[in-house]
Each structure stands twice: as structure tokens, then as C-alpha cells.
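Each chain carries a letter (A, B, C and D) given by its place in the written order, and its residues are counted from 1.
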Amino acid sequence: MSESMTDFARATQEILLAGQRMDARGWVPATAGNISRRLPDGRIAITRSGCHKGFLKAEDVITVNGGGIAHRPGDKPSAETLLHCQIYQQDPTAGAVLHGHSVASTVLSMIEKSPALHLADYEVQKVFEGQTTHEASVPVPLFENDQDIARLAQKVTPFFGTMPAGYIIRGHGVYVWGKDMPTALARLEGLEFLLACLLERRKLGQ
Amino acid sequence: MSESMTDFARATQEILLAGQRMDARGWVPATAGNISRRLPDGRIAITRSGCHKGFLKAEDVITVNGGGIAHRPGDKPSAETLLHCQIYQQDPTAGAVLHGHSVASTVLSMIEKSPALHLADYEVQKVFEGQTTHEASVPVPLFENDQDIARLAQKVTPFFGTMPAGYIIRGHGVYVWGKDMPTALARLEGLEFLLACLLERRKLGQ
Amino acid sequence: MSESMTDFARATQEILLAGQRMDARGWVPATAGNISRRLPDGRIAITRSGCHKGFLKAEDVITVNGGGIAHRPGDKPSAETLLHCQIYQQDPTAGAVLHGHSVASTVLSMIEKSPALHLADYEVQKVFEGQTTHEASVPVPLFENDQDIARLAQKVTPFFGTMPAGYIIRGHGVYVWGKDMPTALARLEGLEFLLACLLERRKLGQ
Amino acid sequence: MSESMTDFARATQEILLAGQRMDARGWVPATAGNISRRLPDGRIAITRSGCHKGFLKAEDVITVNGGGIAHRPGDKPSAETLLHCQIYQQDPTAGAVLHGHSVASTVLSMIEKSPALHLADYEVQKVFEGQTTHEASVPVPLFENDQDIARLAQKVTPFFGTMPAGYIIRGHGVYVWGKDMPTALARLEGLEFLLACLLERRKLGQ
């Protein structure tokens, strides 16, 4: 990207490409999912409510403050913007947040009754924050879906610092983040790959 | 699209792109499926019989009247054109109709013996008409396939107003619609995503 | 295609595009599969032995006579060229033949011990020669694989005229044909779609 | 490629295209996998540690010597570079090595407790070194994953010459090689296709 692009223009471009990538993988069906990027000045660039993430245009990216309020009157952020804001607030290193809906995360979160999925013995789990070996077990917390996002966020708060692979809302999808967009995308790909493995193993009775 | 395009040219372009999208997802194998758009003057633009929906050319889109009769002598609409006409007649808000054949809809409709599939507890079901929460159950009616399309249409008639996610013909495929093409496509993607989830859950004994 | 293209150049172009399509669907892994087209003068244009069907170049298409002998000394046809020649000989209407290897055809042909798979109650089966309703059962014969292609061909001979959807060699793949390339491709897509449905149904105990 | 390209530039181009191909198939999630090419002068061109294999740039390819030491100070090879070097040392005909992580190889290697998977009766197995018929059984050894790559390599050493389809590290992925990049890619596609078949057959109780 050109040196002279503004931080917002750069973030917008990253968000559009991330949306296309997630769409190619089938992780943002219909108008599901949302994508954000923290700007150096603290503003958050995030996808507008209701658009398809595979076909985003520059005008589909808006900015909100740390409380999820749009800077420009009339811009309508998605209700789930609050979950992005929470991640940026709780993790000062977070620079990008991805929320997607895959078949594997949706199905596994609905059939697993315990409060977390566990990823163990996979080489790919080294992509998650602080992981250096496959000989570990990475928990992925499962939260009940709730149309009251503030109430949902409250349940997530105590888990920050203990979910290196992100978290899943039951019947809804994953939240993954990283210091920048490539890191967040790599973690999302890693998590979705491992959930796909987990789903296949369940079909084989494991 | 350019301001000066005719309504028919616009509709044709939308239909071609929708066909390519459905093909990329594997929902229009062989010459299966059909796609239509209601024009402001009441005519219906619809795919010609027998062509592949992933490789449509402009001349593969024809117009029919509300009774499914082609305006231009020699144009051959598919037999299923009547199901499109029925949707436009029954739902005055419908502006686009999509009919696709996916593995998930085909298989689920053949193994489920009750008269409907039920979608419940999924966030994505909010994409369907009038849905605001995952805490609902959306029925998707299943109709027996019939080569006599008029007779098939009669069985569908009583269900209008009660099938926000569209309907499925057993061993055949889905019918989904919306006020415009992006809405219809988003609903189709939502429905196919949820059917894929349902199929995976059945494999796991649910 | 331009009026002035030779028949061979036209056939080559159709074969290259068919290879790319089959590769995009995952039906020609490694150097598997082969593709041919009968020319108006009776020559058969067919893919050379050993090349990847998703990355064919014009020089990867050669011509053979009805007995499978290359017209140009040094051109090496694949051993399976004889199966293409057999189809053109047995079915005078055949203009294009496709041979692909899919996961579904490979797996189903290895687990089904009876001499045929049966496709019934699917709308898509209307894409096959002479089928006008889903209320029929289309048999797809299964032949044992054999590195002696002439011996394999002999076992196929008696079935011509009774296999509208083509046939399958166990652990190997499908043979499908049609009057021209679009027809052959549509039948291949139809067959693979239905085999994918069959495989899913088997997982569900059907 | 142009005559005047250096061997390293040619190898880099082949590695970038191989990465895009593996990514399109879903075999290099996150920053997983690595790809190398032996140059005529004995140097090994290999992907740098930590980058996404689907989005490689020329500067992501570095050169190492036969012991895995980077020629340019500051270039950081991945720890698994040693496994590539081992293959080039043990098999003088090897010109390209591919390491990918697929769902099928990961899942099968974790559920199979015996020391190898066996591929038998598949036509596609003829793509592997020295195979001329489907009537053979090709073993694919399974090794325990180990973050100590030198120790892992020692366990692989005795198997060279007896693994025509490559090998698998449990919960980690496959290593496949060939005399040049197209051969290595064809073998990788062949192996992944057969592992996908094996996984489907296990779901059906075989």
C-alpha cells in the first residue's frame, strides 16, 4: 500500500480483503460476520451493519469510538460492534478482530454441552498466542448466544487472558484477534482448520 | 450499473452474476436451477430452459408474463417458471427468486419424512423475513416432487406467508426469494448454510 | 470461437476448458483423468498421457484414429484411450467423452459390492439421455478395475445402450459422454452431484 | 519461464505457484506448511519461517545449504527445514519437497494407532514412485510429532526407499517429494485424494 494512504484507507483495504478471504472459505454466509481494525489514533474501523462481507465496498467500513458509537451521525454499526470494542479494551495488543460463522464452529458449539472445546496434539495450535508446542491443550470457551450483546459481553470478560485461540458463541460463530490483520487471519484459519478436524473426529466416534 | 441501462439489462446482469455465484458454491449442477427478477413494469426476466447457470450469456435470459408465457415467440421458459410466477403473485414484495439444487437440501429432503425441516437456535436465521432472534424455530416446508408443475404449485399455495426461509421440493431443491437480488442471495446463502449445519448434526446422531 | 479455427483447434480449446473445470471441482487429482472430442472427419482429439488436466496446454492434446493409434509418430496416448474409442464406436451420437476421478465415485464403487449403483427420485437425473422424470431408477454399472484395458473394455461392451449416466470403474473413476462437450460436462456434473448425495445418504445409514 | 532467469528465480516462481495451489486446496492453513526446491548447484531454495504459503512474495524464499544453514545472515529458515534437507540427502533424485497440513492427513494420523496407513486398490496410487498397478498396497508411515526436529528426522531415516507416497507426522501433516515441482505436486494431490477417500471410508465403517 502507498505511503501516503491514510490509516483509515489502509484499514479499509485490509478489511475488504479479509472479507473476500473469509467469503472464499464460506465463513461469512448471507450478511453474517464482521471485521474490524484499530487505528493508531484509537478509532475503530468496522464493517457497517447488514452488508455481505464478501462484497464489501469502501463505504461499508465506518469508524466508531471505544464505546461503539459511530463518529458520523447516520452510520449504523452492527450490534456486535460492542464485542469488538471489548476485545480492544481488554487486550491492548489487539489490532484486528474477526468474527465469522463456519459450519464447523456452529455445529460443534451446538453439540458440545461442556463450557469449552479443547484443542490438543495439533501442530497448527502453535499459531495461537504464546503456544510453542503441540503438547498442550488450548481451551476455546463456548458462550450462550444472547441478542443482548452487553449481557453477552459481561460473560466473556472474565475469560480474557485465558483464550489464546479466541472464543465461540453457540450457534453463532467465532471471535478471533491479533496484533494486525495477517495475524488475526492466520489465527482464524488455524482455529477453523482445527475445528474442522474436531468435527471429522466426532463423526468417527472420538 | 450505468444509469442508462434498461431495467431488463440490469436484471440480466444481476441474473448472470447470481448464476456464477450459485455455481461457485456448487448449487446449480448440470443445467439445474433457475433464476428470475421482477421488472418494474411487471414482466419477469428468467433464465431460459436447459442452459448451465454458471455460464449464462445475456441471450439466456428471457421475459415472461405473470402466467409464465414468453413475450417473444420461440423463447422456451423452463417448466418451473410457473413456481417463480406463483411467488411473484403471492408475495407482492418479491423482486427476485432463486431455485438451486444443493447436496444438503437434496439429501435432507429425502431422509426427512415429516412435512418440514426446522431451523432453531442459529444466529444466521435472522437473515430470514421478520426474524429478530435465534430463539425461534423457522419451519422449511418439504413438498413432494412432481413433474406436473401446476399440481405442485397448488400444494405450495396454502403455505405462503408462513415460510420466511423459502421451501424445498424433495430430491429437487430450494426456492428462496427477496425484495431484490442481494436479499434473495443472502437468504439462499443463509438457508444453505443452515441446511449444511443440519446435515452435519444428523451425521452426529442429532 | 472464430469461424476460421480448425476443428482440431476448437476441440483443443474445449478440452482445455473442460480440464480446468474438472480440476476446479477436484475431479482430476495428480495426472488422473482424460478428455476427448470426436472431430467431424472421424479423428479423435484426446489428452496426452501423464499431464495434469487442470494445466493442459494445446500441445497436450493429440489425435488418434478409431483404434487408438496416434496419427503423429511419437505421440503417446494414455492406455485408457481405448475406452474413449470404444464409446465413439458403440455410440455414434457421442461427440465428447470425459473420464474423472472423484472422491465420491471412488469410495462408493469400493464399498458397493453389487454390480451397479442406482439413482432414483432425484430431479437431476433428468440430465441423463432419455430421462424425463425423477420417478425412474437409473443404473450406473460398476466394473472391476483392470490394468489390461482391452480386457476391461470387453466387459463394458454388453452394457452400451443401458447406461444413460455412464459407468464407473471400481477404485478408479467415471466415464461419461454426450453429443458435444457442454452435454458431456452437464452429465458429468449431474452424475457427480448424485454420487455426492448417495455418499451422504450412506453416512446417514441409507 | 525466460531462458535468462536464474535458477533461483525459477525455483522461487515455482514455489510461489505451489503455495497458491496448496492454499486453494486448503492444505496450508494459517502459516503452516513449507515448500522447497533443490538448485543445480546444490543450494536449497525454501520458504522462510512464519509466512502464509498462499500469499508468498519473492522475498519469502531464501536459500540454505545441505545442513539447513541460511546462506544470508539474518534469514530465518523454519525449524522443519531439516526435514527437507534430509530428503534431499537421502534421495539424490529429489528436486522438490512439499509439506502440507490437510484435515484428512491430520485426522487420519491421529485416529490410526498402527505405524502406517495403507493405500490399496486405487488407480490413483500409480502416481507414486515405481507403482504400475492398483493391485498393490502402498504404506504411508506415521511418525509421532516432535518439536525436536533432529530427533524426529532420526526416526524417519530408516524408512527412506520404502515410502513412495511420502510420510505423515501425526497431528501435523504430510511430506511428499519428486524429481521436480510438477511431480511433487502431482504426488501431493494423489496422496491427499487417497487420504480423503480413506477418511470417507472410515466414516462408513471401513
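One rule holds for everything that comes next: a contact is a pair of C-beta atoms (placed from the backbone, for glycine too) under 8 Å apart; a residue touches a chain by one contact, two chains touch by 3 or more.
For each chain, UniProt lists the protein as follows: A, B, C, D = Methylthioribulose-1-phosphate dehydratase.
In this text the structure is predicted, and so the values were computed from the model without any measurement.
Undergrad: Using only Cα atoms to place each chain's centre, name the chain farthest from chain B.
TA: It is D.
Undergrad: How would the chain C/chain D interface be labelled, same or different, where same requires over half of its residue numbers to be shared?
TA: Homomeric contact, different residues on each side for the most part.
Undergrad: How many angstrom lie between the CA centroids of chain A and chain C, rounded to a whole number?
TA: About 44 Å, centre to centre.
Undergrad: State, to the nearest whole Å, the distance from the C-alpha centre of chain A to the C-alpha centre of chain D.
TA: Centres of chain A and chain D (C-alpha means) sit 31 Å apart.
Undergrad: Give the residues of chain D that touch two or more other chains, as numbers and ranges in rising order.
TA: 203
Undergrad: Make each chain a node and each touching pair an edge, then name the shape: line, ring, star, complete, other.
TA: Chain contacts: single closed ring, each chain with exactly two partners.
Undergrad: Between which chains does touch occur?
TA: Chains touch in the following pairs: A-B, A-D, B-C, C-D.
Undergrad: Over in the complex, which chain A residues touch chain D? Could you list them?
TA: These residues of chain A touch chain D: 121-124, 127, 132-135, 182, 185-187, 189-190, 192-193, 196-197, 200-201, 203-204, 206.
Undergrad: Over in the complex, which chain A residues touch chain B? Could you list them?
TA: So the residues of chain A touching chain B come out as 26, 29-32, 52, 101, 103, 106-107, 110-111, 145, 147, 169-173, 199, 202-203.
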